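Note that the chains are named A, B, C and D in the order they appear, and that numbering of residues resets to 1 at the start of each chain.
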Amino acid sequence: METYKVPPNGGDEGLDTADDGALVINVGPQHPATHGVLHLVITLQGETIQKIEPHLGYIHRSIEKMCESLSYRQFIYVTSRMDYLSAHINNHGCALCVEKGLQLEVPPRAQVIRVLMGELTRIASHELWWGAMAMDLGAFTPFFYAFRERETINDIMEETCGARLTMNYMVPGGVMYDLHPNFQQRVKDFIQLFNNKIDEYDDLVTGNIIFQNRTKGVGVLSAADAISYGCTGPVARGSGVACDIRKLYPYAVYDKVAFDEIIETAGDSYARYLVRVKELRQSVRIIEQLIDNIPEGDFQAKTKAVLKLPKGEFYSRVETARGEFGVYIVSEGGTTPYRIKFRSPGFSNLSALDHMSRGSKIGDLMAIMGTLDLVIPDIDR
Amino acid sequence: MAFLKEYISEVYHAVSSLLKGMRTTGSYFVRPKEIITQQYPDNRADMKIPERFRGEVVMTHDENNEHACTGCTACELACPNATIKIVTKFDTTPEGKKKKALDTFVYHLELCTMCNLCVEACPTSAIKMAQTFEHSVYDRNQLLKKLNNPGSKLRAGVE
Amino acid sequence: MTNEEIKQHIITVQPNGVFDETGEWLQVQVEVGEWKPFAQWLRNDALQMDFLFCLTCIDWSATATGKTLLTMVYHFTSTVFRHTIVVKVKLDRNNPEIETVSDCWRTAELHEREVFDLFGVKFLHHPDLRRLVLTDDFEGYPLRKDFEDPINMIKL
Amino acid sequence: MALILECVIVMLLVISLFAVLGLVLVLMERKVAARMQIRLGPNRVGPKGMFQTAADTLKLMMKEGLTPDGADKFLFNLAPFVVMIAAMLIMAPIAFAKGFQIWDINIGVLYVSAVSSVSVIGILMAGWASNNKYSLLGAMRSGAQIVSYELSAGLSIISIVVLSGSLQVSDIIASQQTGWWLFRGHIPAIIAFVIFIIAVTAETNRAPFDLAEAESELTAGFHTEYSGMKFALFFLAEYINIFIVCAIGATLFLGGWMPLHMGHWEGFNHLMDYIPSSLWFLGKTFFLIFLIMWFRWTFPRLRVDQLLSLEWKYLLPISMFNLLLITLIAIMGWHF
């Protein structure tokens, strides 16, 4: 019987050949800090990072190809599986694109419901990021506090949408069902809980001297670089680039609610952290404005049983928790998209990782990756 | 001297920020009431699953073992994952005409993503989402289900 | 800037450009040989298109008119003027080659690798053109319309 | 003959103490963590999960002890024992109760600080012999860390030696008959205590100084390649080390097994004397252990250069200056 023998250098020949004393290590595909199957090949000089090369594709499902054989109703659910933490917002973007093609007017009630769900999703996503980021930096406890609030949102989602993570609640023309009768009360309860607990976040993490030292001045990304690398969302806003789709190209009812676009100019990990933490409060502000003002009416526009987009190209973009999510549909007039492209925020944000982490310590890499808030299925699609 | 003052205030702020964090975790340590863990298998009896929760597709049968599925395959067409396969047969109606009817409603739970599109598509509300969620089995074949009960037939009046 | 103004600017450098205003944004189609200087002009000159937010490719081989056609589609926005244009470049499907723009927009580096991986478009002078999501020895380009994988693709 | 018998009994006692401490401390850590993290912690094995760690130990014993193919086999297998033996050796001069001490050596405190640095050799050995880059990085970090933090831990210990005038553990405890050094030595003693706690947290590789393991950076650092019982030895040694350093801290600053006496409150002092001395010792030690666990479940981890600058820029200058103050207090007899 032949037994497999591991080669002396651990099996990664070819990666180990840096000659100037540099150490090449593989972070991932299974590593506690990558939160998924991201594989980074890191060249280290001592503890200092010289180069990072991402190797993608471990969970590439070719969603774009799959969507080419799905109808315009069917393809929306797949996008929940890309950025699973912003599932609602992804679905919203797809629904918007189909509606653009059909020139469909969405009832006001559905628009408000979509925004409410989107902002709840954003809070849930930022909560998870906050916990995971603290965990990357070695503090385990915040993770559980973050999950307490996130759990409440998941319960609300479960009650209204029927699922906790991949809801598939958006359909072309509106939402799948009307709100649950308990929805408003539970959201108000959540806001109260959230306002009580948010100060703990500052006590535990934001103000902590160790945390500040770990993140300030780490992974600096200038505004010009942020634009050049195609960064969007909190990553770009942490560098002082105004890029919030909700402000620049308002969709649904975002032009009717008051909220601030959070912009920090330092461009380091701490700035990106602050942007997200402040966005939590802005999302709560949007929800507070809308929760008592949900217009009555239909929750879904009347649509044909089989949707056919006219020949042409349609692009819609929404602001997910990670940045700009674009849907580009090329239609040949059939019932399925001829070609569909998802512009996922994580993919572009990842491309800046190498630039940001060169010259910093391996411990800084965790702070940088934490504030990039990478969701691997979003990158691999 | 200014340097020393800065040094001391730096140390003071650092220590106080650390103590603030310890106060937060410490206060949870002495308040076990804040614990939010659910003892899952033990609390099965009084667990509340929302009525909209999507666990699996089931077909509703009434007390006469009759269902509302006409075998129109709308759900099969709506399903993005080929989860549903409808096998039809031809029944003879009392008038002697041949009529298409449901033979077997095959449901692949292992392929299902609980997207609810089949339930939305069904013109006769024959299928719905059940709130069960404990689907794990040792053999994958057990996830292949037939949704119509043996011997069941179409409810009168459903077209 | 309005579409008309952008058009005027573009005509000065691309007199042969084909314009299409049916979509949401102004579309301009340029020849593959003129693409690189045009891209540099877009990035640096009057239009200041500094944000490339979407880069993709379309395989037209399943349509009647596009048997040997691939189209590169670039979506640009200027963060200065807030205008958006779409640039299209037609490629020969049998030998798709185009100049890289990863030196103008850094984000193009990964996006071009993805397009190379899934469509087989060769980007000339790209600093690191390798397969991105697939293994290096993978055969075929999955997002092309004629790609078949009898094992992993299930036809509904 | 009697001596050999004595040796055997002591050995058995130490080993069983190790086993019991390992089980208790791991369970305590998990329970403390759970309470701080608003969850229940282990609660399935035995009443309130009391036997969870025993079950874990059983599992670890039954696991295969894997040795990687490219590892230096001898050093790889030796390393956990080096760490373990170093931990066992420090147990010798600790006074668990009044007159209950294995070896009252006259340089007890010096012995402790000398032997406690041996464990870094085991860690370096493990990191190098594993032939894993993560392990190597972790081990190198651990080396730099322990060498640095030993300085301020040593200076804090010396400040108590200065106050009590002896290196012998029993003498130091006896000198706290009238009050613990933490209270008698004014603010400098408190500063020394705080520095001591920080330094020993770093020396035992505990969060926020757990850079040698740094889960999110180096997966598991120096013990990445270890499994089964060899891993368990590292794990056990970590907890034993915590116990020992806390016991030292309790001995030096909190009076060891000495009951709490308050000036001239005769009634109060008599009441305190009724509590057995071993309970006093264990109570103080476990209080310090709790403190260290509290740190771990609250703070993020430092970066490696910040870890070193904390030591060299803050702890070391402060503790040197502090030592001067304490010496002044001791010479002038200003302490209570």
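Please note the rule applied: contacts are C-beta pairs under 8 Å (C-beta built on N, C-alpha and C of every residue); 3 or more make two chains touch, one makes a residue touch a chain.
Just so it is clear, the structure is predicted and the values come from calculations on it, not from any experiment.
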Contact counts by the stated rule: is the higher one at B-D or A-C? A-C
Taking each chain's centre as the mean of its C-alpha atoms, give the chain farthest from subunit D. C
What is the distance, in whole Å, between the centres of subunit B and subunit D, each centre taken as the mean of its C-alpha atoms? 50
Computed distance of Cα centres, subunit C from subunit B, in Å: 41
Please tell me the distance, in whole Å, between the geometric centres of subunit C and subunit D computed from their C-alpha atoms. 62
Please compute the C-alpha centroid of subunit A, do the same for subunit C, then give the distance between them in whole Å. 25
Touching two or more other chains - residues of subunit A: 141, 148, 204-205, 208, 210
Scan subunit C for residues touching two or more other chains and write them down. 156
Where in subunit D do residues touch at least two different other chains? 36-39, 297-299
Which subunit C residues qualify as touching subunit A in the complex? 22-25, 50-54, 56, 58-59, 62-63, 73, 75, 79, 82, 86, 105-107, 109-111, 114, 118, 132-135, 142-143, 147, 155-156
Once bound in the complex, which stretches of subunit A touch subunit C? 56-57, 60, 62, 64-65, 69, 100, 224-225, 227-232, 241-243, 248, 312-315, 317, 324, 326, 328, 330, 332, 338-339, 341, 343, 347-348, 350-352, 355, 380
Residue ranges of subunit A touching subunit B (in the complex, touch as defined): 70, 73-75, 77-78, 141, 148, 151, 158-163, 166, 168, 171, 176-177, 180, 200, 203-205, 207-210
With touch defined as at the start, can you tell me which subunit A residues reach subunit D in the complex? 5-10, 23, 25, 31-33, 47, 134-141, 143-145, 148, 204-205, 208, 210-211, 213-214, 361-366
In the complex formed with subunit A, which residues of subunit D make contact? 33, 36-39, 68-70, 131-134, 137, 207-208, 210-211, 214-219, 297-306
